[in-house]
Every structure is written in C-alpha cells, then in structure tokens.
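Handing you a structure now.
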Amino acid sequence: MAGSTYGIVFKITTWGESHGKALGVAIDGCPAGLELEEADIQRYLDRRKPGASSIATPRKEADEVEILSGVFEGRTTGTPISLMVRNTSQISRDYSEIASCYRPGHADYTFEEKYGFRDYRGGGRSSGRETAGRVAAGAVACKVLEKLGVRICAYTRSIGPVEVDREKFDREAILKTQTAMPDREADAAAIEYLQGLRRDTDSAGGCMECLVEGLPAGIGDPVFEKLDANLARAIMSIGAVKAVEFGDGHEVAKHKGSENNDSFRMENGKVRKTSNHAGGILGGISDGSNILIRAYVKPTPSIFRPQQTVNQSGENIEIKIKGRHDPVIVPRAVVVMECMTAITVLDAMMLNMSARMDSLVDFYSTER
Amino acid sequence: MAGSTYGIVFKITTWGESHGKALGVAIDGCPAGLELEEADIQRYLDRRKPGASSIATPRKEADEVEILSGVFEGRTTGTPISLMVRNTSQISRDYSEIASCYRPGHADYTFEEKYGFRDYRGGGRSSGRETAGRVAAGAVACKVLEKLGVRICAYTRSIGPVEVDREKFDREAILKTQTAMPDREADAAAIEYLQGLRRDTDSAGGCMECLVEGLPAGIGDPVFEKLDANLARAIMSIGAVKAVEFGDGHEVAKHKGSENNDSFRMENGKVRKTSNHAGGILGGISDGSNILIRAYVKPTPSIFRPQQTVNQSGENIEIKIKGRHDPVIVPRAVVVMECMTAITVLDAMMLNMSARMDSLVDFYSTER
Amino acid sequence: MAGSTYGIVFKITTWGESHGKALGVAIDGCPAGLELEEADIQRYLDRRKPGASSIATPRKEADEVEILSGVFEGRTTGTPISLMVRNTSQISRDYSEIASCYRPGHADYTFEEKYGFRDYRGGGRSSGRETAGRVAAGAVACKVLEKLGVRICAYTRSIGPVEVDREKFDREAILKTQTAMPDREADAAAIEYLQGLRRDTDSAGGCMECLVEGLPAGIGDPVFEKLDANLARAIMSIGAVKAVEFGDGHEVAKHKGSENNDSFRMENGKVRKTSNHAGGILGGISDGSNILIRAYVKPTPSIFRPQQTVNQSGENIEIKIKGRHDPVIVPRAVVVMECMTAITVLDAMMLNMSARMDSLVDFYSTER
Amino acid sequence: MAGSTYGIVFKITTWGESHGKALGVAIDGCPAGLELEEADIQRYLDRRKPGASSIATPRKEADEVEILSGVFEGRTTGTPISLMVRNTSQISRDYSEIASCYRPGHADYTFEEKYGFRDYRGGGRSSGRETAGRVAAGAVACKVLEKLGVRICAYTRSIGPVEVDREKFDREAILKTQTAMPDREADAAAIEYLQGLRRDTDSAGGCMECLVEGLPAGIGDPVFEKLDANLARAIMSIGAVKAVEFGDGHEVAKHKGSENNDSFRMENGKVRKTSNHAGGILGGISDGSNILIRAYVKPTPSIFRPQQTVNQSGENIEIKIKGRHDPVIVPRAVVVMECMTAITVLDAMMLNMSARMDSLVDFYSTER
C-alpha cells in the first residue's frame, strides 16, 4: 500500500532510495503567496547532512536541493512544490556483500518478506536518507509556521548516559554543537563517550526533545485526529524511534492525580496553566502552553563487530558490516523530528480554520 | 475537521457523547461473510463497563449493543455495520456545576477554545464513554483477526508503584482480576494501593501492555504508514495516554547497539530472532515476532479535593469535583488498547494484500 | 473496501439497508455553533419519501429522523452528528422470491459476485433507500451553505419525452408538483405519460438539473480535486445516474471555440461573464457564475412484465417482479442530487479557507 | 487544499507547470516485482506529445521520461516510483502579454481569485501539460492491468460534426491516425474539417470513448466509491471535459425500462448479459461486460481572433491570443482518458482483494 504520503491539507509525498538517482518530495496544499527559495530549504537539509565531525559518518553528500515546481516569481503558487536532491555519493560496491543477508536491527528481512525482493544498496528506501524529503518539506512548513507566530525547536536531550542539564539550556548551542545538544558541557561529554564506543565497535541510543512555542489553544481534533496522536505517529515514523511521549511522558504512570493535574489561573486577562505536566495538549487539543514531545531512539544497528544472522539461502552466518555509519542517530535525527512536528502542526492549524460556524461565515462574508 | 473516522479499508466512524442519547460506530469495509452477532461485541463492551468493584465508578451503564445494519442471516454483508449503545444512566444534574468552569486535566478549556462552546455534561465527546464505539468496532476486528490466526491481548502492567511480575504471567487472570492484571498478587496489592488513594481523595496512573501474537512478517508499510507509527497514533488517541513505546521502548536510549540488535537464526527451517528488543517491528514492518506495545496512562484527573482553576467569566476559582470516577483509568482502558490495536493491525493486513505483483496476479487468475 | 464515507472535512458515513432495522448517517466535521433540530432534516427527508401520488410507490415509510449526537442546547458541537431513521415498513415476504435470481438492471448479480452472498431483501444496500442517509446529511450541509449565501436547487428537467419549458421556470412548483418539475404544464404532461407507461408495465428515464447560486469564485482545487470532477463523482454515485454534465454538457462536442468561450466583462466594478456555457467552473474552480449540473437517470429497472434472467443455480429463467416501484426515479432523486451537491460544495468551501497565506495569517492573528 | 494526489492504494501525486523546470509524478503503492523501464512509459507519453501534423501545435517537447526511484534491477520495489520529464521548450516571452488579463475559457481568472496571483506562463498548472504526470503514471497502471488480463483502449469518437462509423471500427488505426480515430475515413474528414476551422481562426470540440475489456465482475464499491462514480471523477478531472457518461449515457433519459434493462443468460456455463446498455456497471460494481465510458470535450479555448475580456486593473479589453494551440483537444486527450481509467480501475481491483473473508483467510493461510 502507499505509505509515502502524509498530511491532509498540507500533504507531502516523499520518494527516493539511499543509492538511487535522487530523493525528493512533492508538497501539495502549501498556501499560495509564501516567499520561498532554495536557501530556505537548504538550511534545514544541511542540518541532517553528515558533518566532518568525529562522530558522524564521513560520507559526503552535497544534498543540494532544487525547486522544480510550485514557485513563481519567488512565491508559492498554491500548486505542488516539487523538491529534489540528486544522490551524488552512492558507491554501490560498499554494500554489495549485504545483498544476500539480513542485517540485525535493519529492515532487510522485513522488506524482503513483504515485497519478495529489495533494493539492498544502503538499505534502499529504509535508509536514513529517506528523511531528506521530509526535511525539505518540513523546512517549508516551518517557514509558514513562522508567519503564524509558531516556532518549533528540537534538540538532543541525551546520548547514552549523558544528559543535558536543563538549567543550562542554551538554544544557540543546538545548531553549533556536533551533538545538537543545547548544552556545551554535555556535548563535550557525549563526544567523549561516543569516541569510546567507536573504539569499542559499538553504538549508542539517545533521546531527543521537541518544543512547539506560540501555538494557540484549540488546535487538533478529538478522538482519532488528536494532536498528540498525530504527532506520535509523525515522530514514530522516523526510523529508529522506539518511544514517543508528551509532557511528563512515561513518568505519569507513577504520578498521582494531585501531582499531575495542571491548574488554570488568570494571568494578564488570559487563561494560563500554572504547570505543564500535560505537555501542552488536553483531550487531543492544544491548550496554549508549549507542546513538549520526547522521542527515544535506538542505537545505530550498524556496528563494526561480528554479528549472527541468516542469509537468503536459509543458512546461519556471521556478518561484519562495513561502510560509513554514525555511532549515534540522534544528532542528525533532531531536524527530522522538528520537520515532522512542523508538518503535523501546520496541517492541524489549516484544518482548524473551519471548526466554527462564525469563522466560516466571517471568511466568506469578507470582501477580499 | 473530522476526527472521528479511523482506518483506510477497515474504516470506523464513531459518534456519541457521554450524556447524549446514544453512542455508536459505523464499521465500513469489514470483509463479507464473517459470522457476527451481538454477543460477539457485547463481550468486549462488558470489559470496559464500570464494575461493581471497589475500584471502579459505581455508575451503572447497561451498554447493550444493537446491530442496526450490515449483518444478514448471521453474516456480515460487506456493507457498513452500524452498532449502537443507548445511554441509559445519564443524570445531567451531577455535572451542572462544572458547566461554567474548566476542570484541571480535562478537555473543557480546549474544547471551548476550539468550538466556542461545549457539551459540558460528563465531558461530552471527550469523556471516556467515547471509547464504547471503538470497543464495539474492535470486537469485530478481533473476530476477523482470530480467523487469520492473529491474537491480541492487552493487560495492566502497573498501577502506581505496583507492577506485575512477568515471571508469574497468568493470562487467565486478566479477565478475572479487577485491575486487569495478569498476576493475582499484584492485583491485590494494587487494589489496596487504590483504596488508600481513594481515602486520600487522590488517583493513580499506570501502564498497560498489548501483545500481538501470530502476525506474519511483512505487515505495515514503509515511511509514514509504518505499523509502529500507526499503532502509536491509535494508542495515543486513547484519552489519558501520555507515552507509547515498542519493545524495549524508552530504555533503548541507554542501550548500546550490541545489546539492542536482535540476531536472526534459522529455527526449524524458518527465520527467527533470538531476542525481541525491537518489539516485533523492523523498519515499520512486522518481523514475525510478537508485537509488544506499552502505553503509559495519566492518573484520573477527577479527584475529590479542592483544585484551583478559572471559570468562563475569567475569574480564579476553586472547584471540588463530585460524581463517579475511577481512581485509576488503566483497568478499563486495557480493552480499548486491545481494540485499537486490532483495528490497526487488521487494516494493515488488508492493505498488504496488494503489495506484490505475484499476489495480485494469483488473486485475479484464480476462479473463485 | 469502505465505500460509504464521503468528504474530507465535512465527512459523512452512511449505513443501512432497505429492509434492515434502520438507516442513518454520521456527519463528522460540521462546524460548531449551527442551530439544528430534527425539523431541519425532516423537511428534506420528506421530499424523497414516496408520496400518495399516482406516480410514486404506495409503500409508506414514516422516515422520521432522530438526532442521536452532536447537537447540544440546539446547536452543533463540532463533534459527529449521528442521524437515524428506523425502518418501519419492511415486509420481507414481498421480496423472498427474488432471493435466488438476478433482476435485470439491478445490482443483485454484481453484489453476489463481489461479496459471495447478498442481503436480497429489497436490494439491501443497493436500494434507493440507501439515499436516506445522504439526504439527512445534505440537509445539514444546505443549512450551513445558506448561512454562507449559497443556495442549491435541483429539479426534474425531463421525464421520457416531456421536458420543462425554461421560459416558464417556476421555482415554487418544484416542491409542489408530483414530478418535481418547475413547470406545472410539463408536470401534467409527464404524469399522463407515466400513467400510460404504468398501464403498459413499463418505466421511464429522465433528466434532473441542479443549480448552485451565490457561490464565490475560487472554490475547488486544480487537477484531481476539481469542483466539477468531485461533483461528477458525487452525482454519479446516486444509483441509476448514467451521465453527468456541466453547463452546455455533451453538446460542447459540436460547438466551436468562438461559440463556447464565455467573455469576461466588468459590471458594477466586478468581473462577470457575459454567458455561461462553462456552467460556472473554469479549470475546476468556480468562476462566480451559477453552477449548472445535469444528470441523466435510467428508467426504473423494476418493471412488471416477464423478463429473462438467470438464477444462482445457473439456470435461464423468466421472472416477473412484484412489489412497489415508481415508474420513474427522477422526482424522488432530485433531492438526493441537491444534497450530494451541497455536501460537495460545502467541503470544497471549507477546504478553500487555507488556500492563501494572507487568509491563514489573518485567521491566526485575529483575537477571537 | 491539496488536489494533486489521486488514488487510495495505487496513489499518484503529480506536479509541474507548463513552463516550469519539469513535470512529474510519484506513484506510491505500485505492487512490487513489475518489470519496468523508461520505454514502457515513453510509449504513452509520446501519444500525448504534439505531433508534426497539420492539426497539432508545432511546439516541440521531447518529453523524455526519467525514472528517479522505485525500480531496482529492472523491477518495481514497492516503494514510490518517481518519474520526471524536463521542460525543454518553454519560451516565456510567448505568453508575457497574457500576464495581466483573463483569457476566455481558461482558468486564469479562477486561479487568480483563489490564490491571489498565478503563474501566467502557458497557463501554469492549469495547462494541458499538467497531464504528463498522469500519463506517465497511467502507463505503469496499464502495464499492471495487462498482467491481470485487463485491457484499456481509448479513442476519438467524434470531432465537431465528424463521427466514426462503429461498423468500421479499426483498433490499429487509433495509434496511427492523427485524430486517434479508429476509422481512417472519419480521420480524413475530421482533418479537413479542422483545417477549415484553422483558416477560420476557430476550434472544435469532440467526443472520446474508452473501453475496458477483461475486467472481472465484482470490482468497485457500493455507495460513494462506485466504479462509475470514481471513473466519472477521474475523467471529469481532465481539463476541458464537460460531460461523462456510461453505456447508453444521456440517452437513457428517453429510454423505457423494457429497452434499457440488460437480460442475463447462461453462456458456456457463465452468466452473461445479452446487451450492454449499462456500460458494464450495475450498482457501481463491474458486471463482467466491457466498461464503456464516453467524455465530451469542449473546443480549444485559445482561438486566434479578437475576444472580449477584462484585465487585472478591471478594464474591459480585447485580446488576441498568440502562440501554439491545437484546433481540437481530443486527439491528445485520448491517452489521458485511457490513463485515468487505468489508474482508477487498478486501484479498485487492488482494494477489492479484501472484500471477502474467504479471500482474506486464503491469502494469509497460504505459505508464500
């Protein structure tokens, strides 16, 4: 079945494999009149690009985006925006030896069971490179949201045992540290930890967090289209994410009602909550507080030590993965989380416009 | 926007408020030829019904289901199955005092911000009673899955600090304990804990788990329709769930790759994993192991002690909630988790039928 | 697959069979705050009810609608509006003899081929009674549209050889004539024609037309969601419709460009067309003129003379249909056309709200 | 709203403007294992390419398709197939004078009303070039259908007053005549007619027909997803189509039931109809006969004589369109009709696989 289309009115369709000719996305339903140029998108793509750092894969991908449609005279036209990134660095021989066996922790086996065969080069469609399309689309969503006063910010919260100190939260550091941590000390500690793992041919998991600021109350829909339900799907759809939570998350299971409820109070004539255990969502609808989402990411499955597995002939074998792999997924996944959140929140805001008769009547009684 | 329809080919639309005339669901896309009668559905509805126990609300709802369409001579016809449960016990006066204020931890404020006004009786559509429609539909999905050899089983894993002992897992206990725990000792401890909370006018959170057994490899779709992504949405859409995870869940963040990868081995001529840290899903597609999902549920927000909040006139006030409320949500939510899982898995299985050319060709070349 | 859900934001799901317990619809996504009561809906249902007239089936259905959810204190709440009509007049024995054979012109054979068996009572889900749910939902859509200044009006244009005279168009007559013709003379001629057919155990086809007035320019979306494409689907989905057209319709095939193009002219400071060959839609988007849709309806397939067919045992047989059947479908289908048009137009108007950045920014920068 | 995505399981998303960098389509949900190469698609694209003939625009577009993803080692992988055609011949200056006015019969005015501004070069997204993506996707659908024994064939039925003679139906001629008529005499007459129109700076409408052969009974879904309803939408979404009909089409309005009903008879042990007034669909579901669809196409709106219109400043003006325009749209639209039909029929066939319990159980109990 089709699995590569996401969103209802702000709808994206991504395509492309790790070692195919190109990757891309068609964004359909972006409002007309947004100023948009390649640089707006490139900035986001650069954040998921492997760096030259000691902790990221040395693979070099230019990942230069090209706008193929949907923008005229510098503004979006309301018709599909097609974005493409050519693959320039694929070297198929790197992967040829894994063509016939199933790497532990990867989707080789499941793709083959589903489809009967698979593009084994670099994981094909199940590669992390698949996210290039999401990020390109998310860059556009972020630009729209900015005009609406909504700001999305994701960052690394922990890598292995190293966690950022919330008291020292430094937003500027996110784009500057190799780990995307908002805390330079934690960044240094995490890098040291990862270098040790690399020497030990192992890899680390981690946690990332995303903050949505400026979202008005009333966004999201009851029952199946709850904002948190849709965000959970959006974030869980990022490869390697194994847990998603909001506000106090899994810890609520041990809390009491008297601790967990957020009280309402008037503040400067507005309704405000005195705490935010809920993470900004009540009954699936935004409550005007910040949305706080957390995602837990498994360690990179590609590790450079012998592993037991089977091959297509049904034989037990031992493999040793080669190639270029990050020792931790989180730092490059942070921008993907930011982008999936942006797309989901924007779609919900667009759909919310017709929730009330008075808005509908206003809209169509105004001379434009 | 419409938020009450769920699923692509096995598609359900639920409706109804806590204190309206009735609640129900229309199931569209159920395969024709399934034997179905009210008793198949009633069995599931009874599991979410408030019991006579010391830990559940004494509110009595008969919750008798009526099949209004889609079944002929005892079998489903392929056309929409409409199921309805009349509300019999609504007593609006119980709730009249909350009409003008926003209960902490509830959706009163967010519904009002979104829609301009709200059905304040018992929480209206944001009430837990909304799940009656989901459970009725899930009962049908479970019956279809049974014919396909897939079995779904959800249960309470913890209530407050009391956790079940996995060594003593007793499947039969799930339907017999008041807490839906698969461990009678834990059940007794949890009941004692809850009775203490009740005396203390407080409430508890908890954790529930769901196991999908017998699911073949290959179910789920890459990218946005990953099986775990769709399950995360399905489970997170259940009111009060704040975290969803698969397999080792949030703990993967602290694991190393060498610990987290599941090895493949041949076993009786079949590919099997030697462990299941992944929780049965790789790359968004089932791997033939059991699917393991965990959901963390916040404490019941309705507690019987004074709480600070605001009213519609913008005044800070103190409220004391009355009425009938469970001190913990989990035991009655377990069947909802089971049902949402069933609907999601069945939809994915139905969609998977056209994933390959050979299946498609076989299907249409067979004389039926 | 699910076929009974329609619409994207104003989404309806209908259910029910001709001789089941009830028929109904759940409307999800209706804007909150619309005043709504049963009488608003009943008025539309009464128009599709068989009358006491000489040309309609004498079957008596009360078709009393009940609002089961989604309305509180007389206004819609934004949550699903569930509407139900109990079947009161089903007499299964009338239909028992057709249980094992396929009536020409009906869906008996195709349903059985698809689903393996069928509810043979009165055509089951393929009966014209299926439209009760559409009409109930359409009544709500019409009420919303009215508040937006959009008025929808369908009527009978021809029955067999009898066509209305456009010069004598009398809107009031539509609801008063037995044929739903806006021309009392044509109505009389059509009735006489139908009485002749009835004596001759035959039936007539006809044409119906629908006018959408007051729709602003800009509604509908390019490519696959064109307003005319979606209307064509909506109208063609009404049983017995075999052709749908807009403006000059099938006659454009013989026109020249110089005849068919509508010129634009300024009129009182507004852009207006000097003719309307296009039927109010250019490039799939409304142009501010009236939308004109025409649908051609086949003759009632149930005729009271011997017909050749086969039975489930694969034998050639002759059947003679009994029961209660209108000699022409059009007069009762007119309101269904009106309702399907209303639902489609309203959905397009709701979706149109986010087409432009300036509208989106305005919406969220306004204090509500 | 998003309007460029079509289909449920075989889902396509097209993008691109007449004078942008490129046009393309992402096909998501194509079954894995289909042999596919550029030549399979090029063959279809060449059919909609302007020819060197006297009746088609002399604009030269290479329209060379490139497969960017979804095919590995010559077979589809089940993941999105991205197809792109670079625009090579756009010369923006040809269109600069229409930037500020609304061409009669075109979508200039409606796009501007909807989106606030428009890509005026060659009609932007509302150009006939938009169909390149549909045709590329349809070529893939046709190849899948071929493997299922389903064959789709569209052709020109009439141009202006010139109609093909059904007695002389010559399938081979369709791909060889300039008009795509299956009748060489009619082709010659039509060309003569068009040359006269061209001299007269006018244009012609026409009718096209599409035949679906080999489709088994049981395809399509009741109520809103009827096969004819979905085909009507698919065909009406092709620019310039103003009417769509099935079987006897608009003529049924004048037929009697005794003429219009198709009798069933046994033939070689199979159920067959003795006539096909219905056009192969009963109750929205295929009946095993050929599907016959007819579409009426308006004359090319671009004519080379002065026309009255208005400009963006609200002034009445006279324009004279220049550039390259076919005097009739039908011959190049025929392949688009074929492709939209293919996509719609294939999607319905894929969705039909889960209609019955026995099929579902068979599928999952078979060892693959």
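Going in written order, the chains are labelled A, B, C and D, and every chain counts its residues from 1.
Please note the rule applied: contacts are C-beta pairs under 8 Å (C-beta built on N, C-alpha and C of every residue); 3 or more make two chains touch, one makes a residue touch a chain.
Remember, predicted model here, so these are calculated numbers, not experimental data.
Trainee: Using C-alpha centroids, which chain lies at the maximum separation from chain C?
Mentor: A
Trainee: Looking at A-D and C-D, which pair shares more C-beta contacts?
Mentor: C-D is joined by more C-beta pairs in contact.
Trainee: Find the geometric centre of each of chain C and chain D from their Cα atoms only, then give the gap between the two centres in Å, rounded to an integer.
Mentor: So the centroids are 26 Å from each other.
Trainee: Approximately how many whole Å separate the CA-defined centres of chain B and chain D?
Mentor: 44
Trainee: How many Å are there between the centre of chain A and the centre of chain D, using C-alpha atoms for each centre?
Mentor: Chain centroid spacing, chain A to chain D, equals 37 Å.
Trainee: Can you list the chain C residues in contact with two or more other chains?
Mentor: Those would be 1-5, 8-9, 14, 29, 32-33, 78-79, 111, 114-116, 125, 216, 222, 351, 354-356, 358.
Trainee: Using the touch definition from the top, list the residues of chain D that touch chain A in their complex.
Mentor: Spelled out, the residues of chain D in touch with chain A are 1-5, 7-11, 13-17, 20-24, 26, 28-29, 32-33, 66-70, 72, 75, 77-82, 84, 111, 114-119, 121, 124-125.
Trainee: Quick check: in the complex, which residue numbers of chain D touch chain B?
Mentor: Listed in rising order, the residues of chain D that touch chain B are 8-9, 29, 31-34, 76, 78-79, 144, 147-149, 216, 222, 349-351, 353-361, 363-365, 368.
Trainee: Mind pulling up the chain C residues that touch chain D in the complex?
Mentor: 1-6, 8, 14, 102, 104-107, 109-111, 113-116, 125-126, 130, 158, 160-161, 197, 202-207, 216-226, 228-230, 232-237, 239, 242-266, 269, 271, 274, 277-279, 281-288, 296-303, 305, 307-310, 314-316, 351-352, 354-356, 358
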